[in-house]
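Report on one structure; see the data block that follows.
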Amino acid sequence: MTEDTMDAIPGASAEPAVRSRRDFLRGAAVGLAVPAVASALAACKAEDAGRGAARTAPAAAPASATHADSDHSGGTMAPNPQNPGAAAAAAEEMDRHHEAGIKSFPAATKGKGNQPIQPRLENGVKVYDLTAAVQQWEVAPGQMVEAWAYNGQVPGPQIRVKQGDRVRVNLTNNLPESTAIHFHGVSLVNGMDGVPFITQPPVKPGAKFTYEFVVPNSGSHMYHSHLNSAKQVPSGLLGAFIVEPRGGETRRADVDYVMIINDGPHGYTLNGKGFPATEPIVANRGQKVRVRFMNEGMMIHPMHLHGMPMLVTHKDGYPQPQPWHCDTLNVAPGERWDVMIDCDNPGTWAFHCHILPHAEGPMGMFGMVTALVVK
Amino acid sequence: MTEDTMDAIPGASAEPAVRSRRDFLRGAAVGLAVPAVASALAACKAEDAGRGAARTAPAAAPASATHADSDHSGGTMAPNPQNPGAAAAAAEEMDRHHEAGIKSFPAATKGKGNQPIQPRLENGVKVYDLTAAVQQWEVAPGQMVEAWAYNGQVPGPQIRVKQGDRVRVNLTNNLPESTAIHFHGVSLVNGMDGVPFITQPPVKPGAKFTYEFVVPNSGSHMYHSHLNSAKQVPSGLLGAFIVEPRGGETRRADVDYVMIINDGPHGYTLNGKGFPATEPIVANRGQKVRVRFMNEGMMIHPMHLHGMPMLVTHKDGYPQPQPWHCDTLNVAPGERWDVMIDCDNPGTWAFHCHILPHAEGPMGMFGMVTALVVK
Amino acid sequence: MTEDTMDAIPGASAEPAVRSRRDFLRGAAVGLAVPAVASALAACKAEDAGRGAARTAPAAAPASATHADSDHSGGTMAPNPQNPGAAAAAAEEMDRHHEAGIKSFPAATKGKGNQPIQPRLENGVKVYDLTAAVQQWEVAPGQMVEAWAYNGQVPGPQIRVKQGDRVRVNLTNNLPESTAIHFHGVSLVNGMDGVPFITQPPVKPGAKFTYEFVVPNSGSHMYHSHLNSAKQVPSGLLGAFIVEPRGGETRRADVDYVMIINDGPHGYTLNGKGFPATEPIVANRGQKVRVRFMNEGMMIHPMHLHGMPMLVTHKDGYPQPQPWHCDTLNVAPGERWDVMIDCDNPGTWAFHCHILPHAEGPMGMFGMVTALVVK
């Protein structure tokens, strides 16, 4: 740990010291390396006293005698007289790794998946070209894996269409084996369902195949391989296929975020990246964020958001009869869940799978961790 | 791959070619070996153009210039000029295995579980005789496993009674160890609950035990061993115990299908068989299918239906306050979920666990895969 | 097996014999070693005939000819003439182990977690002192494990506050590594969220940290470590944080039971203990029991109650729009579910995870098993 770091992060000192919450937040903000998050936190701090008061204390809450040195809308740290100087070198080393991981968030890596793709319009048909090929993918800083990807992205390009649209998807297979695309959740005519030997022949290496259909049902859906799928899908042949209802979304979202969960040969990832290379969700206080969870992995992941509840509005693209709140949502492979978050609590909020070994190890957070930043 | 196969399945050709969806469906139909499914697909094809039009295009949708060779309600395949002749022998070999598996569906195996059992009536009591014994079981073609089974079936005989019925179950234990039957989900009087040393003594090898009760609550329930259960249940000592409500089912189903999920020593199975020995669900267009999911395994399985949503009506036999739609339903061990499927989309639809390694490997589909065939 | 045991438990005899349900229950009651459960069962038996009749038969239900030796509201056991003397020594040995486990329930062990903690009041603030330290923990009789615990308890002390309360938690870290407390599900101001390097510095070994806040939202929440959490949480740094709504609970419960599920290095546990050291839930007939399920483990556990349904009222502390019934509830890590049980069915009812290898092995029940005793 450098002297600089110790200055910037009060609590990182080997000598425990009394600090107010305002100092801690300043330390955390300094520790966050990327402008978006840092400025979000700065904005958060500007509103801090008011918010803190609203959340933590009536205006006239008296300070207790033993805590006169703190502002009482936050926390205090003190040396433990029963156990002075107990900090071991191993604990410091562990903290240093944890801190370094968080400071580097969101870390830059080569390649970004799940990017919106604009269709080419041909006689009123929205045309998308997808090429499947094998490539290298940087899943976390310096960590390269083999990916089977559409258009060089993991997840593949994010397709957004409208209910009733006529859509054409031109698939080119540059993989070493056959493949096919299943539009998971879209109630297509059978011949477009993408299951080799049941609804179509396999698309051979070097071949092309065109899917064309009118989109019948709205919702958060997916597209992915349906051949040798236990290998091809988790390796990256997956993407979001989002269908806006004919009459528009019933709930307005200021931010519409797709979170694709995977746990295959790339490790535990959100949108193709593991922490600290995951992407934070950034919103202003008072805004509404929609998150569309999609699980393309092989395990079930209970996703937990700190600080605010999630209102569950849709399952697999279908509205729930009555939305309901939670802070931890269990998302199984093949499932999609839409939630709305009312961003009324400023700060940087951890957002992670609550199967803890998918999110943290002795050397720090990794895998299925991101943050919701409410400015 | 034989010449015959290549003729029958257009897309199986090593030379990619332009084909219409109608050809692909014909190919798939030829590929399906069993009359029920084949004739279902034939019926499906007869309605195809209309359905396809309804689902995929307004009647007057113009053909685009680059696709004049297709009918535009389906897909097209074309050679990829950038990558001619890329099909490797390994890819062909993989496809051949995938095709062979699907062509053999539904494959014949010895023994069929989950068969309705008729009670013997004794003074108004519905009497069922169940004998538990060890035997061999053909879980998939040629794949024999040791089963612990009731009446030679895995799952055991399907028991259907009515709420308020007086039922007697005579259990004979021909196993090498003690056993007992728990009627899972049926709110019986304590002494009939089937938990050795808590509600009854174990039923020793060679002994008999009689359960007798009036059925208090309706719904999709189960019966299974409750002694050394982690061994006895997944080995086959399990079955459906379905109780019709006193006033009859509130939702009419043309087809009422029980799908018992298991993942024990027999591998990944639906009703005691792995694909391609699983049983398709067959319905006519316009019919309503009820599926009663029951998980008797040790893992959670998200079951995904292609082509149509499922309306979730009951959990563990109790009605959901407001039914809700999904296409992927997460079914945990011990849970039962009832869904209704409105069969409005003709075709052969894959129906499988979406934990992909439970459904497909490099050599083709296996395990937790079946199909809904809408004629 | 001793002679005494054979006398007490009729069915444990090596010679199968015809017995009525009343005898079996008596046997089971004798077999249960602990007064609370034994007296509960005794009470249950007093009401038995009435209840049995209500549940199993109309008053005038005729006895069938073949069962004149039983009372017909229960079960009967008979020797199997086709297979006399088949009971093997191995089967007897297995039964002996199963019986011994159940007879010892609830078994005494050193240490009890999840005990209500009373706050110290300081100027209207509810103050709790929590000290985290490493210790030994008896998870089941004679089975010692290393625990990382708050105040010597696994789970940590059960904190119950009221919405709007001002709460102070003084954490002292006597662990060999840094830690922090996250109040999981409580929508606190960001600085109190307990995520080191994001909302606060880590609490170093030997240091103290004070959390202070006004509790904004009601419900079944948790507190646990949020540093090196995949190690610290399942090792025991976890506890219940229950917030009564400002206006009081809308549903009255005679018994309010917190069930914290864990599956870390201590094995499969409920409230820090594995069967037979788990604690039964005891209620009188007609009473209402609330169970607050909380999963602090790394696996999903479908919890199954015998004998009566559970009414699901809350998810993560938020009311479900319309409560719904089930008998098996899937609880994922980080989730909390509140259910109400209407104790209308007297007896001792198994209550366990239905992933059977989490609850039973060849040598008997263990791990995630307890009982609801309705007197």
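Residue numbering begins at 1 within each chain, and the chains themselves are lettered A, B and C in the order written.
Just so it is clear, contacts are C-beta pairs under 8 Å (C-beta built on N, C-alpha and C of every residue); 3 or more make two chains touch, one makes a residue touch a chain.
It should be emphasised that the depicted structure is a prediction, and the values quoted were computed from it without experimental measurement.
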(request) For copies chain B and chain C, work out whether under half or over half of the interface numbers are shared, and give different or same accordingly. (result) different
(request) Write the angle of the rotation needed to overlay chain A on chain B, where the fit uses Cα atoms and the result is rounded to the nearest 5°. (result) 120
(message) As a quick test, compute the distance in whole Å between the mean CA positions of chain B and chain C.
(response) 34
(request) Going through chain A residue by residue, note those that touch at least 2 other chains and give them in order. (result) 300, 321-322, 330
(message) Please output the residues of chain C touching chain A within their complex, sorted ascending.
(response) 122-125, 166, 168, 172-174, 176-178, 182, 184-185, 187-193, 195-214, 216-217, 226-231, 233-234, 298-300, 315-318, 320-322, 330, 332-336
(message) Going by the contact rule set out above, which residues of chain C touch chain B in the complex?
(response) 9-14, 16, 19, 21-22, 24-25, 27-28, 31, 44, 48, 51-52, 55-58, 61-62, 64-67, 70, 72-80, 82-88, 90-91, 94-95, 98-99, 102-103, 300, 302, 304, 306-309, 321-328, 330, 345-350, 354-357, 359-362, 371
